[in-house]
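Both complexes below contain chain A, partnered by chain B and then by chain C.
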Partner chain A sequence: MKKTFFTSGTPFIWLTGLAAALGLLMIVGLLLLILVNGLGIFWPQNLQQFTLKDGSVVLGEVWEKETHDNYDTGREETRYRIKTANRDFYGLDFRWLKEDDISERQMPPTAWVLERQAWGQFFGFIIRLSNNGVALASDELNVAAQLPEWHEKMLAAADEIHQLEKGSIGSISMQIENMRLEKRKVILRRDTTTASGRAALRRVDEELASLERQYQELEKELMQRITDSRAITITLRTIDGQEKELPLIDVVRMWQPNRMSAPEKAGLYAARVWEFLSGEPREANMEGGVFPAIFGTVLMVILMSIAAVPIGVLTAVYLREYAKQGPVVRAVRIAVNNMAGVPSIVYGIFGLGFFVYTVGGTIDQLFYSEALPSPTFGTGGILWASLTLALLTLPVVVVATEEGLAAVPRSIRDGSLALGATKFETLWRIILPSTSPAILTGTILAIARAAGEVAPLMVTGVVKLAPSLPLDSTFPYLHLERKFMHLGFHIYDVGFQSPNVEAALPIVYATTLLLVLIILTLNLTAILLRNRLYARFSVTKI
Partner chain B sequence: MTFSIATEMPPEHNSVASAHPEKAEAIISIKELDFYYGDKIALESITLDILKNKITAFIGPSGCGKSTLLRCINRLNDLIDIARVDGEITFEGRNIYDPSVDIIDLRRRIGMVFQKSNPFPKSIYENVAYGLRIAGVKDKTTLDDVVEKSLRSAALWDEVKDRLNESALGLSGGQQQRLCIARAIAVEPHVILMDEPCSALDPIATARIEELMLELKKKYTIIIVTHSMQQAARVSDYTAFLWLGKVIEYDVTRKIFTTPAEKLTEDYITGRFG
Partner chain C sequence: MFKKKILIAALSLLALGSTTLQAQKISVDPALPEYKKVSGISGTINSIGSDTMNNLMTLWAEGFAKYYPNVRVQVEGKGSSTAPPALIAGTAQFGPMSRTMKKGEIDKFEKKFGYKPTAVPTSIDALAVYVNKDNPLTGLSLQQIDAIFSKTRRGGYDHAITRWGELGLTGPWANKPISLYGRNSASGTYGYFKKHALFKGDYKDSVKEQPGSASVVQGISEDKYGIGYSGIGYITSGVKAIALGKKDGQKQYTPTVENVTAGKYPLARFLYLYINKAPNRPLDPLVREFCLFILSKEGQQVVVKDGYLPLPAKVVNKTRALIQ
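Here is the complex of A and B:
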């Protein structure tokens, strides 16, 4: 009887089901955790004012409620984690309040939340708006009435300053840099002794002088604008009465949460999410957006695929279709499979030694010698990081393609050959199209692996903060030598290397969510494409 | 053992053959053909003539070498690394194992239909046009004409004319096999090799293919490998019985099935082994 029950397979079915359920539970749990924490942080919460029994007052957002037994008294007590912000006043962003200490709670309607360029958020009140020290409005009501208009003006001014810095001044300083390199080139060629060489040098010098003059003028204008714009100030007062004056231009966004209706909050939520997706990071990456990191991640994955897929497919075709099957090919195949298991940091160090120092260094000496000793390609960059990852994912593509090739039945090949096709024609017209779904499966796996890798990138070109994107409007548009930002590294950097980890935690969740979403999107695109190819080329009927 | 029935034994007893009274000539002559897989001999001193515009059947138990012999005729066995051939096969006056023979051209003249229907994962139209495209034909009207003609010859046109651009994999088994026949005749071969073309089909589809073969033999020479003796008896003009890599008997089909010369043939035909 017992034996029949066991051999009937029922316990085994339960076991398999249990294992599957466990895996599913962990995945769903992880996704839910990331989703809830990552999506929640942009919602404008109400500001609560707590009056404590010792008479002090605290203003902040309630982030967490915790009930636990007091170690000394053994009594159960409740405490709240309050985000008080105002790092410049208190030094910390969070504090704990015990339920027992609180005597009164309120929601002050005039309380503001300010997102600032520096010091993180401010929670408190704005009591004065001044122009060059002369008050424009000096009570909270008037300030609130006039503030939006002035803030808009300031944002426009900030935009203009940004344009001036990145646009005109940026392009002139780039021209100056190019002229300097030109000058070094002339000197390196040692033709300063000839008449034409001296003429060239003189021309470069004149050009340089004129550029320097333009630069100084623009810089003066910039300084003037900055000084002008900083004349408009607001005076902040915290809940406990400390005051501080702040140029209005340093405020990124401001709102009064306790006065806002739900639709208004939703609008603000959308705006903040959009800023996170499209903006640039501020304050050691703890505030602002992650657009450069999204861009870097996607571009790197694309470059990696361009490098890995063709080489992987060609390798697989050679191994499966052309090479004489024997011990050598078997050994190569085993080696390729094992390469997929090499720790990624090993690839990173290989990339650093081979791509960056050897290949990059040689390129610098041959083509960019005027810029030495500062390296152009001889330092980490998006090209080298992509190639390193391509190396890392190559085995995945090779294995998947080989399996796809092996799955094309012999009869189809014979059919093509019997019609007078050569082996190449058969391969090109029949077998490779039939293998395309398998190739895409390999690509999907490669993308999933590459987009999540961080370790090899840290030594081959990823940085905490890249000054410019690897793709822009200046020739040659795609700057493969530039360093770049990456979401995976961003998570590590913000989560573990930032000066204020507790305040940075929400951004870590949001970035994680984003990275997962991007990998999901890339995979879904590839899967949809694969299904369409399956429908067209599948050899076996489904 | 040599068999040269074209000259020695005119097939006047065969009813199917007598419907075509023109004098039969050999299109393919196989002489002293040996075939080896590595050290193992698979075919031993095969000698026989295949007559033009006739259907010749190869029968015999599994592993007797009938498919191997068929694949020798269009040199499809060349793809097997360890295969080796001795002797010669003359096709239209030339030894096909001569090094100067263009194997691509040979396969264009000797078409093949396989045991398992193997349409390419392409549209119906592209399947039929494939051989022409490989041959470099690009003209759309030529392609259209040939596709229609071939599909009509294969008795498939009426069933698929409205869905030429749909995948060939959506056709039924019998339709797929007729598509493969259309694909083979699109390049206008002189000979069509059929390797158990009906073994995966139901009786109705089989009957249609057999009907088609009788129609096709007006234009083409057909060699068919089959494990169904009834099928050989129904469609073929001549039958060769192979056993352990040797041709035991080769004669007019009716004679093989009614009064075989060899005891072995009789035993096989009456179902005593095989």
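Here is the complex of A and C:
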């Protein structure tokens, strides 16, 4: 009986099934953890007011409940972790409350949640709305009635200020900077003692002066607008009676959670998720959105693919189709396979030493010498980071393509050659198209690896906060030398380095979820494309 | 001998036991001046130096750019030792350093320019020792910390402290092992703690090394029996910063702004910004304004936001006078 059980193979089936189930369970568990923690944070929770037995009051969201043994009494007690926000008043965003200390709970309907440009959220009441110190509304009801309209105006004003800063002022600052470099170039390259040299210098100086004048005017306008917009203020009062005046323009979003219905909350939820996806980060990345990081990640992956796929495919074609099979080719193949196993930080350091310092440094000396000693290409940037990752993912593309080439049946090649096609024509028209699903598989694997890689990027161009995107509307549009932000690094930075980790932790989960989703989307697109190609070039199956 | 030490430690614990420590709100000195915008400031700020101050420099630069939208900023943070060469070569106007310049570095600077570099204190970094919020412990001496964290015990203890009972805790805590959290060796915090709290000794192998200050705090808030060190700004509601004393039996002080600036708290350091200022000659306006911005109410608020301690008005005013 026992013998037949073992020899029947049943235990082995169980074993394999168990292994598969375990792997699946771990993946599902991880995804669930990220989903639960990442999706919940944007939901507007109700604000609870706790009156404590010592008479003090606390206003906040309940985040966690736990029981523990008190050290002094040895008794078990229940307590809650309350998000009180108001970092500028209390120093911390969270505090613990003991169940035994609470004498009364209620939900004040007029309590506001404010998302602010600085200092995180505010929980409390808005008691006054004023214009230049003159009250426009001075009781809670009136304030609540007038606030939405004023806030709309302020958001529009903030938008205009932003446009002015990034648009006109940004471009004129850049022109001034270029003109300065031009001036240095003239001084460096031309003899300013000659008449033509002096004339060139004068011309540059004049242009610089005219640009400076334009700039001064714009700056005056900007400062005027900023002062004007800051005249509209609201007076905040915390639950324990502390007051503070805040320019309305510094409020990103405001709502009264205890008054909202479920559909209203759903609407707000969607708006906050959208802000997270499309907004700029604030407060050392702990608040606001992650758009620059999404943009940087995707652009880097695209640049990486542009570099890695053609080179990888050409290498594979040479190795499989043209090279004489022998010990040398075998050695090359082994080397390529082993490259896939080299730790990614080694590539990072190679990228830093070769791309950034050697190649970038040389480019700077040849073409950007007037900007030295501050480097242009001789420092980390999106180009160098993409090339480093291209090196890292090259073996994946090579191996996948080679396998695809090997799978093309000999009969098809022979058929093509027999019909009079040259070797190149056979390759170009017959073999490569039927290999394209394999090439895409390689690309998928490469993208998935590149999008999740952080270590090599840290030394080749990823920064915590990049002032401008690597792709914008100023010439030459794609700025390959710029540093960029990346979702993986964002997770590392916010999770491990941010000073207020308790408040920032939800952002880490949300960002992780986003990174997983982006990789999933990239992969799904590639898989769909591959399946369509399979359907078209299914010669191998005939 | 040893028993006596424990007794003293326990006594000092008792003395402190009555005052419960609460997270304090750090605020800037109200006597600090506001920043006032001047006209005609433009150019590029180049900063090369400490990685500890990377975040701070970036935040200051952002705040400064609000006043002067055409000022461009480049911050490079690869370590304090990269600041002096950059200042000497002129590739940066600012050299942020989390320590003072060594004599050799000052000499090299003086050889090139004929005068010494100017150190502008910008903020204070106080290192706190954290325990879980449920831990009844209120304070430790540096010797006790050395016996907890170090395997060399240069502080003088003849045996390692491994259980909470040895620090005077009773009940279910007495037999629980102490679980250690620390930073990885690349961190400046690791080096500073080693030098000042471990008396240049070595860490125990059982210290769980974390990749960031925030993850030390996270670890301790999850681990009820944990202890670790990080900057005071990283405090959360899950942990408690305990008081520290220089020696066994001496009074122990919590890391508050007052105790730190009075020099009573033993683990604190200034964070400096080094500049090149020729004596009896006015500073370049851009450099001057950036320093004045840091030494203003707004600049010091950035310090609080980034998790460090702001300067008291006395220090600020002295430094402002030096620059202007």
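By our rule, the second predicted complex is superposed on the first by the 530 of 542 C-alpha atoms of A that agree within 3 Å, B and C clash if a C-alpha of one lies under 4 Å from a C-alpha of the other, contacts with A are read in each partner's own complex, and residues count from 1 in each chain.
Here, contacts are C-beta pairs under 8 Å (C-beta built on N, C-alpha and C of every residue); 3 or more make two chains touch, one makes a residue touch a chain.
All of these numbers come straight from a predicted model, not from anything done at the bench.
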Chain B and chain C placed together on chain A: clash or fit? fit
| said: Contacts for A:Gly74 in the overlay, against chain B (first) and chain C (second): which applies, first, second, both or neither? | reply: second
Max touched-residue count on chain A (chain B vs chain C) belongs to chain C
### Task
Kindly classify A:Leu417 by the partners it touches after superposition: chain B alone (first), chain C alone (second), both, or neither?
first
- [ ] Examine A:Asp101 and indicate which partner it touches, taking first as chain B and second as chain C; both and neither are also allowed.
- [x] neither
Superposed angle chain B/chain A/chain C, CA centres, nearest 10 degrees, is 140
Tell me which partner A:Phe537 touches in the superposition: chain B (first), chain C (second), both or neither.
first
Ask   = Looking at the overlay, does A:Ala284 come into contact with chain B only (first), chain C only (second), both, or neither?
value = second
Exercise for review: Pick one for A:Glu321: touches chain B only (first), chain C only (second), both, or neither.
Suggested key: neither
Min C-alpha distance, chain B to chain C, superposed, in Å, is 53
Chain A positions within both the chain B interface and the chain C interface are none
Within the complex, chain A is touched by chain B residues 74, 76, 79, 81, 104-105, 107-108, 111-112, 114-116, 118-122, 130-131, 133-135, 167, 169, 180, 183-184, 187
Touching chain C in the complex, chain A uses residues 68-69, 71-72, 74, 81, 89-96, 118-119, 165, 169, 172-173, 176-177, 212, 215-216, 219, 222-223, 283-284, 373-374, 379, 464-465, 467, 492, 495-502, 504-505
Residue positions on chain A within touch of chain B in the complex are 324, 409, 411-412, 414-422, 425, 429-430, 433-434, 535-539, 541
Within their complex, chain C touches chain A through residues 23-26, 37, 39, 42, 44, 46, 54-55, 58-59, 69-70, 72-74, 76, 89-91, 133-134, 136, 171-173, 210-215, 217-218, 231, 233-238, 305-307
